[in-house]
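Here's a structure for you.
Letters A, B, C, D, E, F, G, H, I, J, K and L mark the chains as written, and numbering starts fresh at 1 in each.
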Amino acid sequence: MNILIINGPNLNLLGIREKNIYGNTDFDTYLDRLKTEFSNIDISYFQSNNEGELITAIQNYGFGKTDGIILNAGAYTHTSLAIADAISAISTPVIEVHISNIFKREQVRHHSFIAPVCIGSVSGFGLDSYRLAIEALKRLNAQE
Amino acid sequence: MNILIINGPNLNLLGIREKNIYGNTDFDTYLDRLKTEFSNIDISYFQSNNEGELITAIQNYGFGKTDGIILNAGAYTHTSLAIADAISAISTPVIEVHISNIFKREQVRHHSFIAPVCIGSVSGFGLDSYRLAIEALKRLNAQE
Amino acid sequence: MNILIINGPNLNLLGIREKNIYGNTDFDTYLDRLKTEFSNIDISYFQSNNEGELITAIQNYGFGKTDGIILNAGAYTHTSLAIADAISAISTPVIEVHISNIFKREQVRHHSFIAPVCIGSVSGFGLDSYRLAIEALKRLNAQE
Amino acid sequence: MNILIINGPNLNLLGIREKNIYGNTDFDTYLDRLKTEFSNIDISYFQSNNEGELITAIQNYGFGKTDGIILNAGAYTHTSLAIADAISAISTPVIEVHISNIFKREQVRHHSFIAPVCIGSVSGFGLDSYRLAIEALKRLNAQE
Amino acid sequence: MNILIINGPNLNLLGIREKNIYGNTDFDTYLDRLKTEFSNIDISYFQSNNEGELITAIQNYGFGKTDGIILNAGAYTHTSLAIADAISAISTPVIEVHISNIFKREQVRHHSFIAPVCIGSVSGFGLDSYRLAIEALKRLNAQE
Amino acid sequence: MNILIINGPNLNLLGIREKNIYGNTDFDTYLDRLKTEFSNIDISYFQSNNEGELITAIQNYGFGKTDGIILNAGAYTHTSLAIADAISAISTPVIEVHISNIFKREQVRHHSFIAPVCIGSVSGFGLDSYRLAIEALKRLNAQE
Amino acid sequence: MNILIINGPNLNLLGIREKNIYGNTDFDTYLDRLKTEFSNIDISYFQSNNEGELITAIQNYGFGKTDGIILNAGAYTHTSLAIADAISAISTPVIEVHISNIFKREQVRHHSFIAPVCIGSVSGFGLDSYRLAIEALKRLNAQE
Amino acid sequence: MNILIINGPNLNLLGIREKNIYGNTDFDTYLDRLKTEFSNIDISYFQSNNEGELITAIQNYGFGKTDGIILNAGAYTHTSLAIADAISAISTPVIEVHISNIFKREQVRHHSFIAPVCIGSVSGFGLDSYRLAIEALKRLNAQE
Amino acid sequence: MNILIINGPNLNLLGIREKNIYGNTDFDTYLDRLKTEFSNIDISYFQSNNEGELITAIQNYGFGKTDGIILNAGAYTHTSLAIADAISAISTPVIEVHISNIFKREQVRHHSFIAPVCIGSVSGFGLDSYRLAIEALKRLNAQE
Amino acid sequence: MNILIINGPNLNLLGIREKNIYGNTDFDTYLDRLKTEFSNIDISYFQSNNEGELITAIQNYGFGKTDGIILNAGAYTHTSLAIADAISAISTPVIEVHISNIFKREQVRHHSFIAPVCIGSVSGFGLDSYRLAIEALKRLNAQE
Amino acid sequence: MNILIINGPNLNLLGIREKNIYGNTDFDTYLDRLKTEFSNIDISYFQSNNEGELITAIQNYGFGKTDGIILNAGAYTHTSLAIADAISAISTPVIEVHISNIFKREQVRHHSFIAPVCIGSVSGFGLDSYRLAIEALKRLNAQE
Amino acid sequence: MNILIINGPNLNLLGIREKNIYGNTDFDTYLDRLKTEFSNIDISYFQSNNEGELITAIQNYGFGKTDGIILNAGAYTHTSLAIADAISAISTPVIEVHISNIFKREQVRHHSFIAPVCIGSVSGFGLDSYRLAIEALKRLNAQE
């Protein structure tokens, strides 16, 4: 089983910036842990600060090259209809994840353009949100 | 480890009503499956159509009687500030779950009174949302 | 033919409170009149001030035990998504009635959570709204 | 007893257009049925696509020439304050009817300029809404 | 000097309807008084319940056939962008008048489509609003 | 007959500032013209940039010391509920005037706190708005 | 003199939960203090987490059984039109109290359904709000 | 091929009024040009200032009498749900056109009731918008 | 103990204006009653119609010259952020009072700029609101 | 004559994704057809998923290098003020096109940042929208 | 070169109140520093808590008596259209300054009535905002 | 001391486009002037039309590589939460600048995502806004 994790803007700073919100683990370290925990799943990773590159990545992987996409679109979650359109355009299941509980934060972060076009959302569990999304994709994959 | 699952209004009809939205498994059957899958966790269950009884249940279990609450407040998610207050009042971690992807549905269901006072939210994975919430609580519990 | 009339919060005070809005007949007296007028219909009656009990009543009667429900949800009309969900969940036709013309009253009473999930609405005819709803159910029943 | 039924814009197309919403009976056929069912009531009928003509009709009949008006103002329900003013100006009771359940349709159809100045509203019962309005007027007439 | 007074929907009922708001003088009687008071001005009068006819009247008189238009558009004041467009299209000065103080009434009557395209507005002086508008037009005319 | 004209903030700059909006006549010159035109009326004048002083002036003149107040509250028209309360508190009729057509200007100037508590409003006729208000007060006075 | 104090949802946790907002005295201890301070007043107490039971309590005491009701409806203050209707329906004076200053808290707590149907409101004085409400009822009672 | 062009209120003044917005060609002259350019298409024309007559025209032509309607509803574009309903009721394709770019103008002109029920919209090309709409209908016709 | 009562605009008219809302006692008479009832408290009084003078008064008394301020800011309650800033700037406790129940009045009076920066609010008890505020300050003072 | 067609995000998937909305022709095929149909026009093409690259393209072509730009900005239509600024900055005429009728889709797609800075808009004709835009540019070009 | 600094309500408390927001330097001390730093500029200073006095000051200095005004209108920034009107009325350049970053504070402070009528704004640099404004005025002055 | 100036979309066109708004100096020429004026400060410069590249630039310079960033995010000021997040993530002080007075322009430009996460804002002084921001950074730097 192949899974792609896509991280959006500023998530390359995980473990560096605002540790009170996002924790102090950088994503590479966490990714290694995930690969260890899910040793029979091929987990790829893509990060970009660029809305257009995120769209292109979703398009590139979205036609059968992966069994599921886990997307943390960062701030683009709340401003990008174009990323939502890319998700609508592909057939691969996409799961929205957030490290922080976005509903505890400013009003603008309570609306997600992406949520309505994803299978489901996992929000607020710190980095563990990604693991839960993998669990969800595994079960979805098993059901098909 | 003890976990309490609380289901709100109309969720007693799971497997009976609107199967296109909620699937055709009734919750008792699903609960048995969960208990089998998490055999070393003591899973309790409470359902009520009554806002006040849900508040009382949260209060009763919220002071050390359980290690975590998984709450699907149904339609009260979107109208009950009082349930949110009950969650704020207790120290037990609470996770919000939804069977359907509430962001795909009517506007009124996009706002949750409960999300900002929970640890996190899991939404849109069908009944599997409950399993993911248990996975989240297990990890939270292990970290403490 | 079986019909259930459900009255919501404060409607137990009909004939007692605010007679300028709701008239001075109590509901029991009116119910007797209805039973006389529709002698070949079995008319049941349920009243509760409790949102949860109203939901449970709709669920209990909503799977074949009655041919139609006439619902005056009182103030819950304007605040209860959970009652609306209960109506959506059952197959029995439900008709929304109001004694007063809710569109003549405060802004908050102009929106009904319940109207979009009912067959239709009858509002503003005093207690006669209930009789008109029975007339509507009779015709619906005859057509099936 | 004299009753006037007024139909607004596009209701001349009943039975022709959008049958999934409005049914497939044309209004003349239905009017004959009504006249048969209420043989002791003199039922007149007026239809216009023109807001001004509807106002003039309400004015002309509104000073004692009829015992009640049943008004389906069609789309003008949601845009015409001028028709509402005409209703306010007369003393004849007016009842608002709608064939479809307007609360199930687009947002703009949820607000009625006309509802607050009518006796009451009947909405969602197909053509039977007109019959129910006649029933309501009969009772009102009997009470005076 | 020529002046045209245009009255919109339901203003044909002046002196008949809602006397507490609009007074009990009918417009013909008042018009005679105006003609007497302003004997050296040629005052014409047009009334229609029909938005389109009001537009056509404004167009017909708006190219030099009159020295000023006094317009009480009634409820169309608040709903008709098309009448506003007609006023914009002509060069004749138009003055908006209202018998009642529209700012004391419902919210919907506080917004006027017509006010921004008129020279000025006179509101709230009963029928005397028309006289004041004539006074205004006289002065405007004298200044040119 | 006694009339008080009250001008609010910045109206002391008439004829000096923004002549394209307010014209190039200063108010003292205009006031002399008014006094000449209405030689049998005693016209007083008060101007202040200060909301509190305007309130006090309205109070001082509002209990029988004058037969009518003509108020151009300038920008306070749109922000001062306290001036509106002063008008409500007195029995003297108050007329709202504006030199410019406030409905042609920015959105914030379309709402008046003062309009609903005045007899009526005259807006958009340049300085002539004051004369029209005197005309209105004369007629009101004659009617009592 | 008889007074009933009604506390709504989660107020049974006073002194236990969120002490930074609500203080650390439980209500029973405070009630004893009140009874001591007002020894010549018969003070009853009712608490429920249930909207329906609060409505029923208001109804039961609202027809002469008590001289005044002091109501802290907790979160229902902001969501329950039905409790407001119950207050409207009775003749007993009701005073709204809040322990915290609700205007310092989230936006949703700034609107009260209950305030417009109560005699008055006392908010922000901690538990002392209840004593002030008793003082108010005493004076009201003395005046009748 | 038959095409009907319908123009709404004030469009009879094209070439006369507000030439800076609408240009200085009158529609008859332009229509002749269109007929010359599309000599093999039978182009009819209807204009009215009256909402009701526009509805009736759409109804009359909307059942097979024409292969396509080009509608410039003028200001009714932004206020008439009834015209939109007429378009929904017919099967003939309708194209919305505007001479000016409505999105450059006031806010109220940015919303169109008509756009969602038409095939498509052409806006901002001056009178050339009509020619483009004919081009569109020709292609649509060719595809069927 | 020293207490300052500050009254805002138009409250100098108490007992004179709008007696149906504010009662018929003038404030001086009432103040004497308060001084008699609280003979061991030194009660000062300040009234102004002027926002700036109210700010200056709050500043002058707000640094230890008084033990508490009771503020009825009248209409400035709803429009003055500057008075709220003055309250924030001082350390003396301030209590907001209103004679009428502001939540029963127009929408604009439901929002208070001042409430969130005061200790608490007392509203709706007529002049007795001031006495209750003194009671509150006495208790606050005793607790420190 | 030179024309540049610019397509925004996800439009590289035309003919692949969501065929029910966008049809099943890929853009290259369609472009060839356009080049054949307009053999005397030099048609260039640029597509990017990247907002910044679209801005740069508009800048690069916007100073005389092309006679007109046809822009389908996809989802950026509704979120990009920066693209609108680029259009404002150049002198080349830009025409907005949409394949689908954006007014039939979700609310967020009804607002266009781009429409007010373009010459005009063509929306809803499938790929034919591009051809119509070329027709419009040809006529514009001929007029200069 | 002459410059006038105007401070609005509560800014007389600088260095005294809320030091965490406004710092602990009083304005007189800071003014001396400014005068030292800009020894060749004549810096005047005016402070008032009174909206009307601020308007009058702007008027008095606004016709050539000073080369520039630096205005910190405090809370009146967000509520005073009348001050904005005074600025519009004069020809002297006015610069808006704020000590704190108003965009970090409550929503009501994000809107400025004054910003659109000033040359520019400087916000968030503590007292240094005034120095930057002087720098700006110097450059403006040098350019003329 | 090192300072980085970052310019967002379309600011590469300074001196070329819309000179009435942005002046006719290109940024390179201006940058040379700045470097001359602040010869002891090392001023770097970065411009991009691309939101993602702007984020990356802020990240790259934001961890000690520069003593301050001056950011004119152009239209992204009003649409980019992701740039705001990048600013929040770094410790380097960032100052928001605008050439034009954004509060004089369209409504959408009145809200800034970036302002609340910057030290302060300078807006409306033409290119001089950049110099003022350098002045601010110098003083900030001197204070540390």
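Some points to look at:
In this text, contacts are C-beta pairs under 8 Å (C-beta built on N, C-alpha and C of every residue); 3 or more make two chains touch, one makes a residue touch a chain.
This is a predicted model, so every value here is computed, not measured.
The minimal number of chain-to-chain contact steps leading from chain C to chain K is 3. Common neighbours of chain I and chain K under the contact definition above: F.
One rotation lays the C-alpha atoms of chain I on chain J, and its angle is 180 degrees to the nearest 5.
Mean C-alpha position of chain E lies 54 Å from that of chain L. Averaged Cα coordinates give chain A a centre that lies 47 Å from the centre of chain G. Chain A and chain F have Cα centroids separated by 63 Å. In chain E, the positions touching at least two other chains are 50-53, 79. Annotation, chain-chain contacts: A-B, A-J, A-L, B-C, B-G, C-D, C-G, D-E, D-H, E-F, E-H, F-I, F-K, G-I, H-J, I-K, J-L, K-L (touch as defined at the top).
Those residues of chain K lying in contact with chain F across their complex are 50-53, 55-56, 59, 63, 79-82, 84-86, 88-90.
Of all residues in chain L, those touching chain J in their complex are 8-10, 12-13, 16-18, 48-53, 74-76, 78-79, 108-109. Considering their complex, residues 101, 103-104, 110-112, 115-116, 118-125, 128-129, 131-132, 135-136, 139-140 of chain A touch chain B.
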